[in-house]
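Okay, got some structures for you below.
In the two assemblies presented below, subunit A is common to both, partnered first by subunit B and then by subunit C.
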Partner chain A sequence: MSLFRWLTGKRRHRAMAPALLVVGLFLIGGIYSIAAPPNNATASNARSALIEEGKNIFLRGCSSCHGLNAEGGSIAPSLIGVGAASVDFQVATGRMPMGDMSVQAMRKKPVYNAQEIAALAAYVASLAPGPAIPTEEQLDYERDGNVAEGGELFRTNCAMCHNAAAQGGALTAGKYAPTLMGVEPVHIYEAMITGPQAMPVFGDRAITPEEKLSIIKWVKSVESEGNFAGASLGKVGPVTEGLVAWVVGIGALIAIAVWLATKAR
Partner chain B sequence: MITRREKIAGGAANFIDERTGAAKWVKKSLQKVFPDHWSFMLGEIALYSFIILLLSGTFLTFWFVPSQEELVYNGSYLPLNGVKMSAAYESTLNISFDVRGGLLMRQVHHWAALLFLAAMVAHLMRVFFTGAFRKPRELNWIFGVALLTLGIVEGFLGYSLPDDLLSGTGIRIAEAIIQAIPVIGTYLAFFAFGGDFPGELFIPRIYTVHVLLLPGIFLALITVHLMLVWYQKHTQYPGAGRTEKNVVGYPLLPVYMAKAGGFFFIVFGVTVLLGAFASINPIWIFGPYTPTQISAGSQPDWYMGWLDGLVRMAPPLETYLFGYTISWNILIPGLIVPGIIFTGMALYPFIEAWATGDKREHHLLDRPRNAPTRTAIGAMSLTFMIVSLINGGNDLIATHFGLSINQIMWGTRISIIVLPPLAYVITKRVCLSLQRYDRELVLHGRETGRLVMLPHGEYIEVHEPISPEQAHLLTQHQQALPLDAPAIDANGVAPRAGIKAKVRRRLSKAMLGEQIAKPTAEDVKALEGGHH
Partner chain C sequence: MSNQLEPLADPGLPHHVHRKADTDPKAEKRAERQVSILFLLSTAGTLLFIYSFIWIPTDLFVFLPLFGNINAHNLGIGAGLGFALFFIGAGAVHWAKTLMPDEEVIAQRHEMRSSDEDRASFVATVKAEAGKVQLGRRSMIKRSLGLALGLVGLSPIILLRDLGPLPEQRLLKTTWDTGVRIVTDPGNRPIRPEDLEVGAIAHVLPQIDDPEHRKLSDIAKDAAILIRVRPAELKLSEERMSWTHEGIIAFSKICSHMGCPVALYEQQTKHLLCPCHQSTFDVPTGAKVIFGPAARPLPQLAITVDGEGYLVAAAPFNEPVGPSFWERNI
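And then the complex of A and B:
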């Protein structure tokens, strides 16, 4: 019992009171954690595990720019309240993590897999409420969309940046509205509800969920439309047509004219 | 023996000749000689494209409905079913999807239009750079400029007729350019559109001008253009046996009939191939025109692209004067600059003749290097056009090459001032050094690349004299001198010269002041007599 005797001997020491306080707090905390009722269900456990996993991915891959608590910084915005839809759009299209920060995040091969993206989305959604990822049921554009109406809505709301054939277009200072060819319906939907980068948010009161599905249906119909009129020339209008007229058309005719004029000699 | 067939043909020919007296003229005409060169066929391409335009255009008029009456589409192209649109747009959709061969004809018509304008520009370049516009062909040059100008207008009207989103945007810009004319602009725009934009009148009005008025003027101008070529005879490139008084080439029958006829079908064939294999103006993707909609990357056809590029690079300048707004940002690039360019182009033959004092007739063409200043002016103008044209597509260049549209705009703003003069200087220098090269060739012959060591150890490269034909080609041109400065009198005082005379002397010096003297017969003799 030499330890007890040693402690008794030190009971009037200066550090004894704070040390006791610390021990007391640990005791109370320990007893509470054992005695407190467990969190409501196993589903919630899985969810918090997902959030935890997302947090870990976030700390490793995102926090250097977006801050340890996603509060944002001088080079990246706060992610509190952007919602799961925004995370899913940015990460699943490969825009985040951003490689080249010069102009705007561009679409590339995603860095994370579906499970990791879901975890990240869950973590960011846990910080504050925001737009959720639309479900499969909500995205049934084949059933709920109307192509012609979608085209009208697209030309009114989207074509001025994305081009009337959804081929993309230039914005100021090197920014651009990307082409919508080959974009997943869920990402088109998420872009409309979250407004990534230079894009405005199209809330459900501006464009209803059904109208959003109509737009997606129209984009998909443009995408799958065959080139029945011949080579599409990029569907970008008269610039490539003029190039073809000069290079192919006049080029071929001059070549033939040269041939006709030399044969006669 | 006269065969039965010959008898019938002869009888028919006689019948016509006895009533029209055409035999003599036809005989003479069929023997008319044309010189042979590929660059003389550029104008032919334009002519044949015009014929293709008439034929395919007639086909399109059978189904096109020139009306802005609003209706709801209910046709074969499902993505537009139930959309409100004009009758013009609907009928264009019907031509594309429901009329047999309609889409091909539409595409052939549009490709032929692009080729028509491109061939006219190529033909114009050939005529300019070879000096074919000189006396007596100045008038025909003016007819040519008129054809090009009207061609641009006609093409733009055709681009506007389908009433799709792209064409409506073009019409809107045309309206803005009309409005930019100071004071009367607003009234003119109201007059043209029958009220506020868009109204319901412009499609029927444009249609009449596109299918009746302008083609009529075209036919008249083309006829006069060709009759003048016929009457004045074709120019020819210089060469052995070719003079200002003859035309060396092949007779119309049978050689040119076969060649020109064959070439027509080749042009037709190339146009149909383009129409069959390359999509052009897919109006169903653009959707019907509504003033509230606009597409990113809206462009005019290439022949208007330079104009669009100029408007895109204009800085935002406006003046408010006595309650009127003068929009310099539209007025200068949309009207003043094109006005200067086309007026200058039309008057160029007269300006050059005035500056050089050259009143002679010319039927032999210039080699571009022997008219360095003219060639430099041409290169300068082309550079100006190409820089503007590039800026016309600045948005597509930005997205496809990962550039900033602002950088392209500033790049072209600076280039349009810096590059044309640079092109002028470089071209002139290149022409002069080519003249120097020609002189060397005539005097010292062709470098054979064979090195020979002489007995005393000296190495020389063997030069081979060029053929007399080539020597003739390199020395046949006339070199005029700049206009003389007025004589200085005994007191050392030059006579007073008016501004006009001063300008003329300066222009003359610019045109003719710098040239490399071509070798004379004496030069050649002196060389032959001396060491070599």
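And then the complex of A and C:
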């Protein structure tokens, strides 16, 4: 009781009001930290930290073309609503940032590491909803894919641009459909749902997720299978085959003809 | 100056130069050895062929630089047989060039015509034998033989029937008709407009009762594509605009040039390319030809949605799909 009396006696002290304020704030903060669901708070804190980090990377590395708010500009499209999947595809395959402003972004060594790419993806995804990065569970093509069905889907939907053996092919004005050999399954999936550059979108309702996994499984089977009939010559069909037939084949025949006609000494 | 041109004197054969193997016994031995080595290489090739065929498993792959992962079984068979044949030839050629006689020999040409006596005796023989088979007397055989030969001659003409029958309406009509649902190819799932994002392309076929047994000859006519763009990007006449649905536009996938599947779609330029001859069609203007040998735009299919919200054909194609043909009027 003497403490209370002592406090009452000091109630008009000029330090009393600030002291009460400090005590009150601590009290409210303390009660809140106990009462509020702590997990959610840290997760959303971590998330906003990631978005914040992504925004910083974006401002430094991307905004000169894509605009300070990712609204796009005269040389680069808006990124609002393209989704995390698009960012992961473009940045993790090294296509973005673009090395040179030629006809199309090329696959190269990525500039950013996985953490930075995740941050960028989180930032762009926070601008507007868009396709998300598929999870490991969604990408188990060995379990959920059917290689024969994948081949059929590939031949109808993909082969005309990417070549019947997924080796890539030419488009117009110097553009090309890249080879799919050595491409991560997640990036094949993301390319289908986002339609990067000249590629059209193959959404999950037009080609179901299971069908996408079948396509991936087929591409992976082509990648791992050896050549049964000698050199594949790039599996691009009559162009290299004709080149080899004319240059190597006819060259060898000419050499043999010359040898035949030379008189022995 | 004389008007008489002197014919060139016959230069005769050049002086014969002997080969080393003709004069030097050492060189002769060496050449002999070389020929045998070539033949032995051929033997090794055959042995490789036999070994590969019997003992190399068919699923064994080996890595060769420049060639990649190659099936060892097929490689052994092919290379073995190749070497076997090549080195027999090489050995024979080398043998002929170094060791076989190479002295020039003059072989006179003779007249091709047989002697008069031979010709006269041939005619006499034929006449005598023909009399013996009594063809003139056995008229039944003669006539039936004539009939048989005549009918045999008719058979190639009968085969010409396979050029027909005329295609009738088959080139003019496809399975697409008013109210026929549009389904995915492959998968045969009906499609709703919301299934296609802007920038999407879908390869489609008409819905039929038994999609497992769809005829290839029908797919060759029915194959179509759905492309979704922003409606404002379409530059079409009012009628053609009414054939689209919320920016979804449908075209025949069969090139109007040679009938290849036109399916390279560039989402950014909104161009459709034919992989065979690079005909390029501009989607927003109704697949107008902007490059290449195609003479007509791709036929546009009028589409709409049915009561359940699925995309359907609003009408059949208003023109024949695919390349030109003789009876095509438009």
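The working rule: the second predicted complex is superposed on the first by the 222 of 265 C-alpha atoms of A that agree within 3 Å, B and C clash if a C-alpha of one lies under 4 Å from a C-alpha of the other, contacts with A are read in each partner's own complex, and residues count from 1 in each chain.
Rule of thumb we're sticking to: contacts are C-beta pairs under 8 Å (C-beta built on N, C-alpha and C of every residue); 3 or more make two chains touch, one makes a residue touch a chain.
The structure displayed is predicted, hence computed values, not measured ones.
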Scan A:C161 for contacts with subunit B and subunit C and give back first, second, both or neither.
-> both
Name the contact category of A:A198: first (subunit B only), second (subunit C only), both, or neither.
-> second
State whether A:L153 touches subunit B only (first), subunit C only (second), both chains, or neither.
-> second
Could you tell me if A:T172 is touching subunit B, subunit C, both of them or neither one (first, second, both, neither)?
-> both
Would you check which partner chain A:A231 touches, where first means subunit B only, second means subunit C only, and both and neither mean what they say?
-> both
Thinking of the overlay built on chain A, is A:L68 touched by subunit B (first), by subunit C (second), by both, or by neither?
-> neither
Would you sort A:I28 into first (subunit B), second (subunit C), both or neither based on which partner it touches?
-> neither
Which of the two, subunit B or subunit C, is in touch with more residues of subunit A?
-> B
Pick one for A:V248: touches subunit B only (first), subunit C only (second), both, or neither.
-> first
Touching partner for A:A206 - first (subunit B), second (subunit C), both, neither | second
If you lay the two complexes on top of each other, which residues of subunit A touch subunit B in one and subunit C in the other?
-> 149, 152, 156, 160-161, 169, 171-172, 227-232, 260, 262, 264-265
Residues of subunit B defined as touching subunit A within the complex | 36-42, 45, 78-83, 96, 103, 107, 110-111, 114-115, 118-119, 122, 165-166, 250, 255, 259, 262-263, 266-267, 270-271, 274-282, 285-287, 290, 292-303, 305, 392-396, 398-399, 402-407
How about subunit C: which of its residues touch subunit A in the complex?
-> 19-21, 61, 66-71, 74-75, 78, 93, 97-98, 184-187, 191-192, 194-203, 227, 261, 263-269, 271, 273, 275, 278, 280, 291
Residues of subunit A that touch subunit C when the two form their complex | 149, 152-153, 156-157, 160-161, 169, 171-172, 175, 195, 197-203, 205-208, 211, 226-232, 259-260, 262-265
In their shared complex, subunit B is touched by residues of subunit A numbered 103, 147-149, 151-152, 155-156, 159-165, 167-174, 176-177, 218, 221-222, 225, 227-233, 235-239, 241-246, 248-250, 252-254, 256-258, 260-262, 264-265
